[in-house]
Amino acid sequence: SESTKKSTSNDNNSSKKEEINSNNDKSAKEKKSIILATTTSTENSGLLDYIIPNFEEKYGREVKVIAVGTGKALTMGENGEADVLLVHAKSSEEAFVEAGHGIKRYDVMYNDFVFLGPKEQTLIDEESSSAVKVLTKIAEEKGTFVSRGDDSGTHKKELSLWEDSGIKPEGDWYVSAGKGMGDTITMADEMEGYTLSDRATYLSRMKDVDLEIVAEGDELLFNQYGVIPVNPEKSDMINKNGAEEFVEWILGDTCQSMIEEFGKEKFGQSLFVPNGK
Amino acid sequence: MNLTICKLTKYYNNQLVFKNIDMIMEAGNVYGLKGDNGSGKSTLFRIIAGLEKQTFGEVLYNKKKFDNTVQRKITYMHQKPYMMKKTVFKNILYPLTIRNKIDEKDIKKTYKIMEELDLYKFKDKKAWNLSGGEMQKVSLARAIIFEPEILLMDEPTAHMDKKTVETIEKMVIKRQRKNKMLTAIITHDTKSLDRLFDRVYYL
Amino acid sequence: MNLTICKLTKYYNNQLVFKNIDMIMEAGNVYGLKGDNGSGKSTLFRIIAGLEKQTFGEVLYNKKKFDNTVQRKITYMHQKPYMMKKTVFKNILYPLTIRNKIDEKDIKKTYKIMEELDLYKFKDKKAWNLSGGEMQKVSLARAIIFEPEILLMDEPTAHMDKKTVETIEKMVIKRQRKNKMLTAIITHDTKSLDRLFDRVYYL
Amino acid sequence: MKYILEGFFEAFKLILSCDTEVYQIIGFSLLVSMTSTIISSIIGIPIGFFTGLHNFKFKDYYSRILFTMMGLPPVVIGLLVALFLARRGPLGSFQLMYTPIAMIIAQTILVTPIITGNIFNYTKEHGPIIYEVSKTLGCEFWQRVIFLFQEMRIIIFIGMAQGFGRAISEVGAIMIVGGNIKGHTRVMTTFIAMNNSMGNYGISIAMGIVLLTISFFLNTLMYRLIERDIK
Amino acid sequence: MKYILEGFFEAFKLILSCDTEVYQIIGFSLLVSMTSTIISSIIGIPIGFFTGLHNFKFKDYYSRILFTMMGLPPVVIGLLVALFLARRGPLGSFQLMYTPIAMIIAQTILVTPIITGNIFNYTKEHGPIIYEVSKTLGCEFWQRVIFLFQEMRIIIFIGMAQGFGRAISEVGAIMIVGGNIKGHTRVMTTFIAMNNSMGNYGISIAMGIVLLTISFFLNTLMYRLIERDIK
């Protein structure tokens, strides 16, 4: 079957074992599982629960999802603690590959970041729709802004936006939470403040918060997700084949269309737009 | 203070200890209480001291029921002496400290009683390291110095040497000189102490 | 088993308890040990039983030093009896349970001694609810039933009524009938028990 | 391995570096956890005494519930407190969410059963005789209480030490109700958790070492206070 | 408010719903925490006995260190264990990271001091006389140990109950070394924490209620076992 072909077509010893395994028993649990380090947004939005099972039965390989901030995910890759990364901080990712921590980086899907603010807020209006304008306005009016502050992809993006706006955010109005996206949204809601969130997480939290989108659409807010198989030289325990299979699969048509589908019936729109290549 | 005990009955979870006891103890006298093991001597004292509830019957103090004022005038010396986590000196001084500020007089008084029972050498020793008899001495000194109107001693001399027993007899006699003092002593010992008792009750 | 105590000295953190004690105790005899409170009687017994270390000097058992075999043949009855968190019956039976499987004989034996000390009525009672004297009876029964070659009793009769004291005398005499049994008893009591002693040591 | 050594190294840097943020975090953690421990003691010790001394129906149900409460999950406590204090919650109007007060409330709920439980167990076994003695020596009600305190000071110390240890080391509750806001509600454990999730292992361990050192010295301090004339 | 009621409601749904994932999470939590508690007891009880009975230099330093360790921060433990088990770490070759074994290791480190501490304190006070009696009744070494067990069964129960409560309710350590992997290392607390950040408060509380109910019944069970003929 496909899985046996895969494992014979390689040389690294960890999968020699596999071959034997898959010969005497091809049941899912038998093949070496892979560790996927990803961001909280992909898990909290429920995407992974939706797509991963397809991979598992197709390749008979388990995926262990560790949901952390992009920063930590990259560190894990750097230390060879994960086999493959699914993250969203393009520049850092490219740097990561540059440094030889990862083999190659592929686009997988995108959605966009949105500025959230209290319902009936007046601070932000149509003409201040560009990301930079929004931040400037918030900074000037000292409207509470809750930042991830956890070195995640979203945080990196936010910082780069401040960069562009030439403002150094500090003061009581700028709340650095050091938490995941979900918790940060809760806090912004609680403090009736503003925050920057990826659309997926926001949509999945819409039901229980009083926040609404106050600004969106700026191309700066584009949120590209990428997949990177970790460089096997990082650690002899890295499951190279598994990683390759995963990349192949996630960029494949089946998965891409599943991503397209995900969330449509629940939220009326898909949370991620596939652009795998 | 006079004690009147009428129709006192005690059960421990429906096991009878004693039944319909009647006794009268009058101030100025020393009473002995004797009886076999398990006859309920300690229990009786503990009820009188308000540490345990009787099942039936009642105990009257000057015809009045037990209350706080009585509590303050009555002391029960446990059969198994309890040593506070303090030095010997502080153990004995304690009853005075709770009344009012300690003054020279109190200290003197404490030293005196310690010398009488020759505990002075243990002044600053941790009380829980004393020998059995020494502990009994401490708890006795503690009770005497408190000067209760009713003093109930539960086998105070069980672990004591002859010499000390005599000292205690002296102390009790001295204590009785002040009028309206009532002392009751539980003992299995058939000889010593007996000469103290104005009357002996048997359980 | 014979005991030879030579030049035994004990300090508690450089406070002297006793110094250069010499004693000989021979199997088949009953020894009395007397002395004032704090003279070190309990300490001496505890050292003999291997519960405490002497500062100087030594104790020999049939000319040999203390070791496990001795440990198994010697029992010390604490001055303040310790009741296991078990029923009275199980407390007394315990020493037999640790030797080998309990058989009819053991149970009988236990019942018998309980009757002699009239503890039978407390058979299934929680031992820690007993009265002072009853506890002493239990710890005595526990020690006797263990049948040690050397039995060290620390004021066993302190809280006991006359009747019981006599029972105990009988038991000791009975025990001594078996040869090579050694019994030593600490007591402040000047009258009873005395007739048991083949020899009395004073500390 | 290297992280651990690095950790010790960083720990010293952390202390010596006059980085005010670090000091502020440490000080704030102590403030919050000590306050909760003290409040918990004020609530828990009397309850422990009382329930330990008196016999009442269902006493052993009570004691088992107490043991269970000693293991209340911080995250659950945090969540419940949050729900009460949240803007839309019953106590929303006080605006306590993400404030030190919220953190103290949560930790008090966490610590109180621990202190109560310790006192209760000890009192059940040793309380009665102590209480009796204080009675026979003519103590008024308050003097009896003081007497209990004096005689039980060791276990009280242990209970408080355990409670404080639990408070200072927990992250679940305080993260939720405090929010780990930089410069406001960030404490040692949330600081550690955050740096951890950012992959800064060295500094996390450093702060961990600081935390343990501090609670060790606090224990020593308290112990000295009560140690006097005790074996 | 409504969340709390909702929580109770959901709790029942959760139990009755034959959602295998939920059962699997509950069962797995119990497995991990019980295993760690048992291992900790096997390590901690003997140490507690031994150090409690014997006098040695620095005994009170030891006891204070022990108290401090009773408050080891789960996050720090988790981090340290992670550093050792990580692929890069000294024990990396065993590939234990994100496995139940890693979780058990972390929780054992967390719980052992708690059990040791409880036993140690009690033994220090009551151990000597108990040990003496067993000696005078001619117990061999092992019989003495058994004797100590029997006489101290209450405190042993309390220690284990406390330890288990701590283990089942902590999230800091288990989240780091377990990774909260669906179907593999997800336990009640990590499940709660995750649902919190996903805003599913109802189900978080529900799981919290389940957790407490379970540990209450476990306490009851254990208590029954040792209760026999004890006041």
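Chains here go by letter, A, B, C, D and E, matching the order in which they are written, and residues are numbered from 1 within each.
The rule is short, and it goes like this: contacts are C-beta pairs under 8 Å (C-beta built on N, C-alpha and C of every residue); 3 or more make two chains touch, one makes a residue touch a chain.
Remember, it's a predicted structure, so these values are computed and weren't measured experimentally.
Touching subunit B and subunit C together: no chain. Put simply, the chain farthest from subunit C by mean CA position is A. We define each chain's centre as the mean of its Cα atoms; on that basis subunit B and subunit E are separated by 48 Å. Mean C-alpha position of subunit A lies 78 Å from that of subunit C. Centre-to-centre separation of subunit A and subunit B, using mean CA positions: 79 Å. For subunit D, no residue reaches two or more other chains under the stated contact definition.
In subunit B, the residues that touch at least two other chains are 129. Under the contact definition stated at the top, the residues of subunit A that touch 2 or more other chains are 179-180. Pairs of chains meeting the touch criterion: A-D, A-E, B-C, B-D, C-E, D-E. Subunit E contributes residues 1, 3-4, 60, 64-65, 67-68, 70-76, 79-80, 83-84, 89-90, 117, 121, 155, 158, 161-162, 164-166, 168-172, 176, 188-189, 192-193, 196, 201, 204-205, 208, 211-212, 215-216, 219-220, 223, 227 to its touches with subunit D in the complex. Note for the complex: subunit D touches subunit B at residues 129-130, 132-133, 135-140, 143, 150-151, 153-154, 229-231.
Touching subunit D in their complex are the following residues of subunit B: 49-51, 68, 71-78, 82, 84-87, 90, 94-95, 98-99, 126, 128-129, 142-143, 146, 148. Contact residues on subunit C toward subunit B in their complex (touch as defined above): 12, 35-38, 42, 79-80, 129-134, 137, 155, 158-164, 188-191. Note for the complex: subunit A touches subunit D at residues 68-69, 71-72, 74-76, 149-151, 175-180, 187, 190-192.
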